[in-house]
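In the two complexes below, subunit A is the common chain; its partner is subunit B in one and subunit C in the other.
Right after this comes the complex of A and B.
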C-alpha cells in the first residue's frame, strides 16, 4: 500500500508542480499589470467559482445532460452502422463515407440552419453534440467488431456456436477495448458540440453563460466557464478511461492498439 | 464406427480470380480409435485437410465421412474436438471457464467435469488463472482440455506444439498419448516433424505439395504405451527413414520434372 502510494505521488507531483508554477507566474504577471485586461488572475477565477458557483451549477446541469444524451445517441447510431458494416462487407464503404461526411461537417455553420428545423433548445444541443462525437465512435466500433482473431472464429464454428453465442461470448468482449478507445476520444468532442450549440441559442447552459459573461466583459466569469467546460471534457475522458482500465484488468487484456 | 473416411477429396480456393488447387484427389482413412499423423512440406494442404474434416470448409469434390456421416452432422453434434496451432484461449476467461466454453455452447451436462479435464492435462491448481499467466505449453494443455471436455469422437490437432521448444514438446507428446489412450478418441495430428509423426501415430500419411496429394503411407508398428526411450531404438530410426524416404523421394521427382526450379 505504501509503495503504491509512493508510486502515485511520484507520478503525479511533477505535472502538478508544473501547473501550480505556471498559475503562480500568471498571478504575478497580472499583479504587475503585464497582461491585457481580458486575462484575469487565477485567484480571481477561483473567487468567481465561489461567487457564481450556484449560477454555474444552474447552467451546467443541462449542458451535462445534453452531452450525455448526445454521446448516447451517437453511440447507438454508430453501433448500428458499424454492425451493418461488419456483417455486410459491401455496406462498409458507404458507412465510412457517411462517417467522414458527418465528421467534416462544419458544426458552426450548420447549427444555425438546424435551429430553423428544431429550434434553439435542448434538441439542437443534443443533435450537435451527437454529430461532433459520432466519428471516433464509429471508427472504434468498426475496428472492434473486426477484432475477433481468425482462429477464434474457427473455434466457435467448430463448436457449432449460434450467432448470439458468438456475439456475446466472442465478438463483444473482443470489441470492448476498441469501443472504450472510441469513447475516450468522443467524450470531449461531445462536450465541445454541446458548447457550440449552446452559443447559438439556449436558455440554460454553460455555453450561453459564457456568451453572457463575454458580452458583459466579465473576464473572470468567462474564464470560470472555460475551466468548467475543460473539467467536463476531462471528466468524460476520465470516466471512460477508468471503466476501460477496470475492464482490461478484469479481462487480462492489454490496452487496444489505437 | 467413428472412423474417418476421405474419398477423392479435392479442394480449390479462389485467389484473386485464379483457382488454386490446395488438395487433389485425396484418399485416406483413419480407423476408429487410432492415431493418424499427416506430414508434409508447407503448402501441402495438411491444415486444409484437417479443416475439411472439421467442416470449416467444404470440399470442392469428393466426400468425407466422420463415423459414416458428413462432417457437418458430426460438428453440429459436438463430436469434433479441434486444437489449433495457437492455443486460441479467450483471454478474459479463467482456465476453468475456457475449458467449460464448449459445455456452455452445447448446453449439455458432460460426463466429465472441466475440473477432471484440467487434472487430466496436469493443470490442477491453475483453475482460476488467466491465460496470460500461463506459459505457452500450459496454454496449449488448456486448449487440449477444452477440445476433450465434450468427449469428442474425433480429435483434430493442427501442429499443436509447433511453437514450443523441443524439450517441452516431447514431454507434451508423451502426455498427449496418455490422454488420447484414456479418452479413446480417433485422433489426427498435423505435424512437420518426422520424429513426432512416427512417435505419435499408428499410421503416418505423407503429403506432397502443389497440389497436395498423398505421396505415401508408413505404418508404425511400435508397441504402446510409448516412451521417449523408444526414440533411441533402431526400429524407430528405420521408420523415421521410411517417412523421410517418401517425403524426399517425392521432392526429387518434382525437382527433376522442373529443372528450372532446381537451379533457382
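Right after this comes the complex of A and C.
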C-alpha cells in the first residue's frame, strides 16, 4: 500500500508543479502588465467565481439538465441501434454508415434547420447535445456487444444457460468495459454540444452567459464560464470513471488499462 | 510402391493472378460502384425532402424544396463559393500551424523525459476538456477576422496531432532502438531515421481526426466572430429568413465536410501503410 501511494505521488507531483508554475507565471505577468487586457490574472478569475457565483449557479442548472438528457437519449438510441446491429449481422453496415454520417455532419450547419422546426429552447439544446455525443457511444456499444469470447459462449451453451443468464453473466460483463470507455469520451462531447446549442440562443444557460460576457467585454467572466464548462466536462468524465472503478472493484476485476 | 514424388509446390498459378491492369480495373469498378451508391443515397434523400415539402405544403419561408434551393445555389453561387473559400483558407492555414506546433512540441517532449513527465498529463487532461469552448475568448483576443478562425483551428487541431505523434515517436521498437545505440547513432539520427518514419502512420491518424473537426470549428468561430465565411453566411441567411440560400449553404458545407472526411480517410489509408 505504501508503495502504491509513493508511485501515485511520484506520478502526480510533476504535472501539479508545472500547472502551479504556469499559473504563478501568468499571475506575475499580469501584475507586471505584460499581458493584454483580455487575459486576466488567475486570482481575478477566482474572485469572479466568488462575485458572480450565484449567477453562474442560476445559469449552469439548465445546462447540466440538457447535457444529462442529451447523453441519456443518445445512449438509449445507441443501445437500440447497436443491439440491432449485433443481433442482425446485415444491419450492422447501415447502422455504422448512419453513425459516421451523423458524426461527420457539421452540427453548426444543421442546427439552424433544427431551430426552424423545434425553436431555440431546451429541446434544441438536448437534440444538439445528443447528436454531438452519439457516435462514441455507438462505437463503444457495438464493440461491447461483440466482445463475447467464443469459448465462453460455448461453455454457456454446454451448461444450458438460459437467455437471461447469458445476458447478465456473459454479455454484460464483457461489454461493460467498452461501454464505459464510450461514455467517458461521450460525456465531454455532450457538454460541448449543449454549449454550442446555447450559444445559438437560450434564456438560461452557461453558454448564453458566456456570450453576454463576451459582448460586454467582461474578460474575467468569460474566463470563469470557460473554466466552469471545463469543470462540467471533467466532472462528466470523472463520474463515469468513478462508476467504472466501483464496478470493477465490486466485480473483483483488475483495473482495465485505458 | 514407388509412387512418383509429388513435386508440385503449393504456389498459385501465375496466370490466374490478377495483373496490374486487372487490379486497376477492379479498383475503378469499385470507385464507380461507390459513386453510384452516393448518387442513389443523395437522390433518395432529395426525393424524400421534396416529397415531404410538397405533401405537407410547407411555405418557402419555413423550408424550401430542393428546386428552390438549387435556384438559390445557381443565383448566389459566387457568394457561396466565396464564403466557402474564405473558410477553407482559414482551415488550411490553421492546420498547417497546428501541425508545425504539435510536431515541434512532440519532439521536445519525446527528447526530454522531465518535460514529458511534467506536461504530458496536462496535455492529456486538456483532451477531456471541450477546447472549442474557448472560442469566445479567442474572439476577444484575436478580433473579428480571419485570425479567430485560424486560432480556433490551431487549438482544435493541435491536440489530436500532438498526442498521436507522441504515440508514434514512442512506437520505435526495442530492437531498432538497440541497433541504433550499438552503431553509435546520435539522437538526431535516431530522430530522423527511426522515430519519424515509425511515427508517420500515427501522425496521419492524428491529421485525419484534426482535419475532420477543423471545418466544424472554423464555421463555429466564424459564426461567433462574424468573419465573412460560410458559417456566418448560414446565420445571416437565417436572420433574413432567406431559407433557400440557407439550405443551399448548409448543403454546400455538408458536402464539403463529407468530401474532406472521405479524402482524409482515403489519404490516411494510402499513406499509413
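Here is the rule we use: the second predicted complex is superposed on the first by the 240 of 258 C-alpha atoms of A that agree within 3 Å, B and C clash if a C-alpha of one lies under 4 Å from a C-alpha of the other, contacts with A are read in each partner's own complex, and residues count from 1 in each chain.
Just so it is clear, contacts are C-beta pairs under 8 Å (C-beta built on N, C-alpha and C of every residue); 3 or more make two chains touch, one makes a residue touch a chain.
Given the structure is predicted, the values throughout are model-derived calculations rather than measurements.
Q: Where does A:161 make contact in the superposed view: on subunit B (first), on subunit C (second), on both, or on neither?
A: So A:161 only meets subunit B here.
Q: Identify the partner contact of A:149: answer first if only subunit B is touched, second if only subunit C is, both if each is, neither if none is.
A: Only subunit B; A:149 stays clear of subunit C.
Q: Which of the two, subunit B or subunit C, is in touch with more residues of subunit A?
A: Looking at subunit B versus subunit C, the one contacting more residues of subunit A is C.
Q: Just checking: does A:173 make contact with subunit B only, subunit C only, both, or neither of them? Give me first, second, both or neither.
A: In the superposition, A:173 contacts subunit B only.
Q: Who does A:50 touch here: subunit B (first), subunit C (second), both, or neither?
A: Neither partner.
Q: Using the superposition on chain A described above, determine whether A:19 touches subunit B (first), subunit C (second), both, or neither.
A: Only subunit C is touched by A:19; subunit B is not.
Q: A:33 contacts which: subunit B (first), subunit C (second), both, neither?
A: In the superposition, A:33 touches no partner, neither subunit B nor subunit C.
Q: For A:192, select first, second, both or neither according to whether it touches subunit B, subunit C, the two together, or no partner.
A: The answer is second: A:192 touches subunit C but not subunit B.
Q: Kindly classify A:107 by the partners it touches after superposition: subunit B alone (first), subunit C alone (second), both, or neither?
A: Touch partner of A:107: subunit C, not subunit B.
Q: With touch defined as at the start, can you tell me which subunit A residues reach subunit C in the complex?
A: That would be residues 11, 14-15, 17-19, 36, 38-39, 104-110, 112-113, 115-117, 188-189, 191-192, 195-196, 199, 210-211, 213-214, 217, 219, 222-223, 226, 229-230, 233-234, 237 of subunit A.
Q: Could you pull out which subunit C residues touch subunit A in their complex?
A: Residues 62-63, 114, 117-122, 125, 128-130, 132-134, 136-137, 139-141, 212, 215-216, 219-220, 223-224, 231, 234-235, 238, 243, 246-247, 249-250, 253-254, 257-258, 261.
Q: Contact residues on subunit A for subunit B in the complex?
A: The contact residues of subunit A facing subunit B are 149, 151-152, 154-162, 165, 169-170, 173, 250-253.
Q: Flag every residue of subunit B that touches subunit A in the complex, lowest number first.
A: Touching subunit A: residues 51, 54-56, 75-76, 78, 80, 82, 84-86, 88, 90-92, 101-102, 104-106, 130-133 of subunit B.
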